[in-house]
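The following blocks contain the structures, represented as structure tokens.
Next, two complexes with chain A in common: one pairs it with chain B, the other with chain C.
== the complex of A and B ==
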């Protein structure tokens, strides 16, 4: 956790201010929210997958490699980077992560519950060790001086917000279409879902792939934003942190992990003035959150009270 | 015909039978839960399966619906073997079931339970759904219409927005039936539909089962403990005891069968 907070903090200090929620922290919070949604998607189909950091690392590494090695993308000598190339990288990173999820998912999704969680942790470790040891990923130091499509941290707010809006819109649409309903049914009772004609294997795989695509694109965005990228970006720590986003925020609606990701990413930075005690306080929040909000901060009941009753059926 | 030694020899799936069970066996470790059970169900029939506790009735349903793999024998659907198909494929062929110990999607509303089951009627692609295309909206409208028809038919329309987990027992049983019907089956397997119902609801069940057959052109296979109910409603029935089919025939034939009398009343009868 310490390691992460320090790493994430680096680019913020690059732009100077650390006292309040500045634009750099806002981007980090949005990245946290995106990763939260990525953990939420398989969970919405009843699959406890902790693989999000692996796909995040794959996406980030791809973006770091492409932008520093592939001259055709147009990285400038002054560290600038054309916006279309950046968007292309988001797509490619999402596609690569999705492809990897498609291959890995066929194997690991045979497992259920805690066994799936353990297998996905193993995947995170495999990806981390691979990135650490591959000849072209910069070893322990990683990849430096990733070119910047935006001159300031606030520039990243637009793509981060756009990606989050796209993810939220997708999750919202899912609820009103067969795939999303099949996911909800599997979460409640997989055997009954199969007996109702639902191809549960394909449904679970779809959720896993969607989660990976989102994490991969988020990784590409983060690699540029952070300016450097190394194997530690996708670690077991990150698995637990991203899971905490969903547990604190609530897993019954995609808004839960968004709120959880925003809050838990901001908290260690906001607590910085109290010194090292902040990590203890951060731990306490993760510990006490589920005690006081066992279903998370955002529950269906709360959403109903805010938004009025959702009407699905014209009578 | 009602003697276990006169079991028909295995055929290669009788073409006129909707469902045919051939020499079906299921072994759990040392326990033989089903021992070479055979019978066939004709289209439009209401076929009953009775037997004492532990006779293998639910195991038989699990084998027909694909939930449990068979240890031997075959399940034929319209003359073709479906023994190795998973439950979702069998459902898409037209086999739907309910569960004795109710397995609703409890976190979803009553209406959503039906919409889950209606997802293939009509089919629409994920992309159309994401983009909310006119075709997807038409498909959704059709799904909602079918769902409301079924809710009205099973008198669940008042409860449409309720969470399934909060329903009374009898309502849950009817929701299970509605959800199975929503998959558009040709054969409906009802696993103890009268269990836990009050006497008035039990009385209504016979009429409901007959009504379902005529309104949905269904064939029904019904497991029931409440034998008098089944005797009234079934065209034919099979009797299981310790995993063996000990009788097969019309309710009248079964009632007089010495094997059945012995199984139900003990050896002295």
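== the complex of A and C ==
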């Protein structure tokens, strides 16, 4: 058909003449990596929580509301937005998501394993339906014309990278801190950890709250980046996608979900030249990834080999 | 070489619309390349199109917009969903790239900026027309039941329009039933509604759900009139509700029965590509989106061309030329308001007529309305003209 001819009329080589990964995609990849780390944190304490999209949605909705409704933040008539207000939003969104996690976590974290996963899926659904029905969140269309702190997508690279660096630094520090060691102990054997005198409830709750803070701040960043925000951003689909980041990347080190998030966000875009079957290939990668890398792409053994850095054996 | 870009939902839950749009754009290319173009210094420069999948989510649409803008597209057609437009259009606006939306009907799309325009009339203009037809047929209607998919942006916006139009006629719905986008079983909301003995049912949901809803309404014993919104504006519903589709009323921005040269050409091309079905509104609107851009570019070429200009200048001149023109399209004559909103002169009310076997059917034109779709004017006065073949037997 004609359209095939039209599609083939693309410039000499799409790989050659334009950047395959432009800055906009790079920001999306960083957002993916941040969400991956957010799923990783409870998992590092042995908790399979799929609640990340709920906190992401809460953060994004807060940022969208504040920047479009609260004039004191200084949104300009030309769609501009002051940088300090943007940073304040990141903080507030993280704080609100963290607070929500603290309240919900006390109830939800009594559950374990698959029951916890189901309860967190329910949380995602509750938040989605709430955002859909609240009188001030724009219903199904959502909130649009969100003002921009940066003139181009490249501007978002700096805060996204900074947030990821902060998260990575935090996770790295955590490995040497009592909280991180307690999390690792619970992941390996919760009963044994409790016998050793570790306050497992507080440790699990801390990991849950840290995860929520990160997801909330990421949501605030994403709301500005996407220009619009609606209930579809935090859905069950997003739970599964973010979980895939961790499974493909590896759940034994924070670098795993970062690599998984970057890769899986970029892949559908990088596969564009193959045309209509790109999502089939993407699905194959998700399917075959765990077959060939059952512990994820980034394993402690790999890190030891490439970095020569000392990694304590998990057990 | 001049390049246009199209960002269409070929994957995700909007892909049914995307397939129709892809066809519409491909037909417009055939039509444009096939017609005799006036000799101009630039007429040697061919117009090409690069089509990218915009998915059904915001992030994919943004990525596709960035990709095509970086690849040097002169203007873009898309994206499929209004929610995607609110995410991706601001990017094109900031970079000064003209966008023609083929199917965004939400309020506020052209207001994103001066580079954003659309050929799809707002639902506020179209939706109430079918309601008018139902009340014309039965002026005694007092009890109206409303159904809508509350998690679907389009349906939620459209039901507000329907309910406003009902209020303007002093009709308060006896019940408003909310459904979900993915629902296929409507026994509960239908039972609740039928207990209130509605004389008219007004539905704003998407195609597959709508087909099931209509079928179940009839199966559960509802015999009154049914008015449906734009989500059901596709022949794809026939296989779902089959003979139960018969008689539903819908307002449309396109009618295959419009007898103009451009629509005949469009129908001919469509017949060749898809002999099974007449074209849907969304195919015609995608055709129109390509057509208005191609015609604006042709006019620019006649005025001396875009040669020697930077891409930025060319994009800016194209936008100016696009908004300044008037176009004879399969939708009828259209032009643009200065802010990019489409001004369409003709709308249609159609009734679904199914064949006795219940497998095939068609939208039969019952009324041809000419009004200027100017949303600034709150109550456009339609000059209605019943179509000859549409009169009730």
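Convention: the second predicted complex is superposed on the first by the 290 of 315 C-alpha atoms of A that agree within 3 Å, B and C clash if a C-alpha of one lies under 4 Å from a C-alpha of the other, contacts with A are read in each partner's own complex, and residues count from 1 in each chain.
The rule is simple: contacts are C-beta pairs under 8 Å (C-beta built on N, C-alpha and C of every residue); 3 or more make two chains touch, one makes a residue touch a chain.
As the structure is a prediction and not an experimental result, all values here were calculated from the model.
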Touched partner set for A:307, first chain B, second chain C, both or neither: neither
Partner chain in contact with A:173 - chain B first, chain C second, else both or neither: first
Touched partner set for A:181, first chain B, second chain C, both or neither: first
Touched partner set for A:273, first chain B, second chain C, both or neither: neither
Comparing the two partners chain B and chain C, which touches a greater set of residues in chain A: C
Partner chain(s) touched by A:193 [first = chain B, second = chain C, both, neither]: first
Contact set on chain A toward chain C in their complex: 1-3, 6-7, 9-11, 14, 17-19, 22, 24-25, 28, 79, 132-133, 139-142, 144-145, 148, 151-153, 226-228, 230-233, 268-269, 272, 276, 278-279
Chain B to chain A touching residues, read off their complex: 65, 67, 86-88, 91-92, 96-97, 99, 103-108, 111-112, 115-117, 119-120, 124, 126, 129-130, 132, 136, 140, 144, 147-148, 160, 179-180, 182-183
List of chain A residues in touch with chain B within their complex: 170, 173-174, 176-179, 181-182, 184-185, 187-189, 191-200, 206, 312-315
List of chain C residues in touch with chain A within their complex: 3, 10-11, 22, 25-26, 29-30, 48-53, 57-60, 62-63, 66-67, 70-72, 82-83, 86-88, 90-91, 94, 106, 108, 112, 150-157, 273
